[in-house]
């Protein structure tokens, strides 16, 4: 286990940034973090000017963004809570300024093995990802060993985390009848849509409403495909906005290759996630609820099996700002630095 | 078209009853309705004592429940907004008192062709449904002709209406690849869970929460099977509570038998529901939202087709108290009495 | 009573406009209304393109705004659901094009007797209100006679309506001890803040939140002063945003000039609002709730009196889009045209 | 500062109990607490059976309630999260079993100096409070010294805390014109109404609703009178339910004895609450919001002064489960044990 970490955060002005600040300020192994703000927040000198929530206990310093300043600050770990365009530029600049930095990027910029995947789903004009910035996909339940040594970690998407963690044990066990379809029906709170005021996030448009969006085109699709190990044509992934602030509830539908009983299913999940302290497998018959995971960094997984033992519904729940974003970023830092995975997260 | 209807309502003390009262009080062909209350609401003499909303405009009379009184009141149509046990007893009693009555029952008591289906899903001890009370399933978009002559109408469940209307055109066209699964993922507002205070409907348990319930055991399953013409093992139907008051959003997943394009799909639905004024088929690329159907009696249907043309997501939205309960009950009365189907419903 | 009204609506793109459209489309004495849109909505030809809610039943025509076109269309009544700057320009233009038009303006442009009041509260640079556009303040419960003959009606603010209707009977009776303070604490839903996306109306900023705003500076203050007949220094008026879509609940605190009993208070209100069909005075001991007035055009008033008979709390509730805006605008049209005041509003 | 505390909690099955458990489990000076449950929860052996939120990190033991067992357990501090009737019986029983115990009672049982005050507001039949159980009122910002030595602490009501902390500086300074009225208009989230399912806390009755309740009869009135040092006839205190889960926003209206400027007001509050780490005085011109205090133990206070300097509106915000209940209980323990007041609360 390394000593205390000196930490820099870039761009903590959105909802994930707010949550990240909250977690880092309370983290037992993090020295008082410094926040670097991009243009437009130039005059701000401390966190509570951005977020009155921090008044009286979280008065961390805010500075203008500068790769050089970060490199020279002695930071061990840098979190990028920035749009993917900004991350694409910042990562090489930070490594150029200090090749020993370790970076956790919350954007999608470095999530894909193949540059063309990013280009296809995220950009109008295909761009070349810098080839010397190979990232590890930041899902510690799957990739702990690589993360321990990673210099650049691509923090997963919130939906992706929920779906991949829900499906991976079954897929790896080969228990799914792939000739039938896999359906991933996800419901999300509104903080995932970002802080920028838009018509779609106006209170009156969300309240007493629910709707599907991004069907067959959601950008988290290729992450799921890659890390749940599913061909794009083998699953359907839909996302819905519901009137809650935070949380993702994913209902995952699979047909099994052969009849199984509930104990087998539960045992598979318990064994797959043994020692994974932020995964909670519910006993057969219980299903997760958003209220049990919001404001936490847990991913709860439960399931229902039909009497014939062939149709299986898995429900996966997490807080999109916790295990779905900032909490997972901190968990990744914990792995990178050799702290206990749950440090600062319970 | 018949003349104005004299109407009696039994048991209008829940949320569906409130909505039914509202619709009937404004209906152009309904004479001032009379409300018959069961035990426990004995002292109540007018609607606004039950629901202050009706003060000043909806002061309809309330009387103690009596099959004889209803029969002698000259009522043409009786609505039963009662639990299924009560409806099971009331229907034969009402027909005994006046064989020419026409009844719309909002409960599940008479929804099934086979008595054992009701017994299996709704009762602990199998009961015999009275054999002389054959009901027509009250989905006017499918069964208009039979409903026109029906004496007893079994008003469908809210989820069932949403799912059946969403799937039936595809199924009837034979376009679904049944070797793969059909998934029906439904999200519902809380008024569908009834007015009785329960731990699960406490504000604090619903707010900022979402959860699945009744997976593989929801009582609306056999209705869907029967009227969407699907074997129980061919589909999965799950229901979720989300923090809205009213509305059901059903996301329906099918694999098509062959690649099709969006125009074909849209044309199929438009043709199937031609002249069905309470069905709104959205143009390809638009998806329904709860906010466009709440406080209405419409069922909105839209869809998204994946580029390969084989995976299809249909979204069906309605107000669980409108087209999912009271609105549909009024629509059934309109059909039974020969009024325009939308009378009192726009 | 006049014959059916030909109606034009200008600028129905906000939440009050949506409600106004809904009411006019169902109004028994209104011929199919025409909607005139301002720049930016140029291509829109029918209402459902603006508001999918209207699909299938409210396909009213939309046209580009033109005072001449409105004048030549034969419209009897024009509703302006426009910002005050736009109304200031439109009213003289419309009267110039057709001096016999009758106009209901939902903005604040013509609400004040003295031009400098408007200038002081609404403009940076004091402007001169056109002197030939004297409006009647559109509160039919107080000014019915003048409204019957008015050519230009200034529809009141939502908070103002709620507070004035709650206080006026007591003030007119002279029962208030003015040496002590009058406090008006108002809670409002978010639709009153307009449809334009802003940081303050983002779902995440409203949900699970409540806050006061505009204390000592809210623009509805001078309306209340003028029509509740209170000097500005005699009352405090505060407004709060709470996480509901629609509704205003005003809690009004007065000290009485002498001890009174609850029957006197109730009798005063009942007598003051006798024959006022959209005012509902609750029996002593009952207090209004938003849920009983939302989606209605009622203003409900109830009160609690302390045992000593000197401290009185009046609660006034209405729907800010109903009696607080669009409903009241329609009520004003009803008065102007000699229709029953409740026509289209129950 | 004492060493680590051994802690027992009685009756942690409601929302305040849940919050108390959460705080104690994370408290740096509390050894793993034990929870004693009353009848009806007999079979429960650990917290997560009561609250699935605690799965995986908060598996504290639950035992059947027994005063003897608590006394013999070596507990230093006992929290009573029980109804007042239960607390009335438990406190003497606990002291009888172990006279050195220190107790924080979250109920109202011991909040009043005079037994008849409790009897008048809380009981039908006046009861005698045990005379040997004198409690200190648990508002550390006012009574820190007495609390340091107290054996029995009566934790204040949530509304009372909010109002007393908001008014006390002004009252103690003598700046209020008492000849005019003081108005306390409080808005509360629903968790304050308890976890027991009731018609009034059904989601559908709260959502999109707001209402006043308990006007002139709310049980927190005498606490406010006693500790804000106001005669009952000098203020009006009303409470409102709004559709949020947690939080109290109190808008307090006073007329000053003489014109003052904003700096004086701000300085008064800052000076009164100097060194009080859980009080946050906002700069003049800023007003508190629920979202900045929910899930915290802060009480935020801000104000607006009218230009004449005589009418003052103070806004006080806190989390009814935090500073309004469980957080304050923990703060009281901190004072009693000599820990930093904010220990476990930031």
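To keep things simple, chains are lettered A, B, C and D as they appear, and every chain counts its residues starting from 1.
Basically, a residue touches a chain if its C-beta (ideal position, glycine included) is under 8 Å from a C-beta of that chain, and two chains touch if they have at least 3 such contacts.
Not measured: the values here are computed from a predicted model.
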Which of B-C and A-C has more C-beta pairs touching across its chains: A-C
Chain centre separation in whole Å, for subunit C relative to subunit A (CA means): 46
Whole-Å gap separating subunit B and subunit C, where each centre is the average of the chain's CA atoms: 37
Set of subunit D residues in contact with two or more other chains: 205, 207-208, 243-245, 289, 291
Chain contact graph, described as a line, ring, star, complete graph or other shape: complete
Subunit D-facing residues of subunit C, complex: 179-181, 183, 185, 187, 189, 205, 207-213, 215-216, 233, 236, 238, 240, 242-247, 249, 251, 253, 255, 287-291, 294, 304-308, 310-311, 313, 315
Subunit B residues touching subunit C - in the complex, by the definition given at the top: 26, 52-53, 55-57, 207-208, 277, 280, 286, 289, 291-292, 295-296, 298, 300, 342, 346
Residues of subunit B touching subunit D in the complex: 15, 190-191, 195, 197-199, 201-208, 243-245
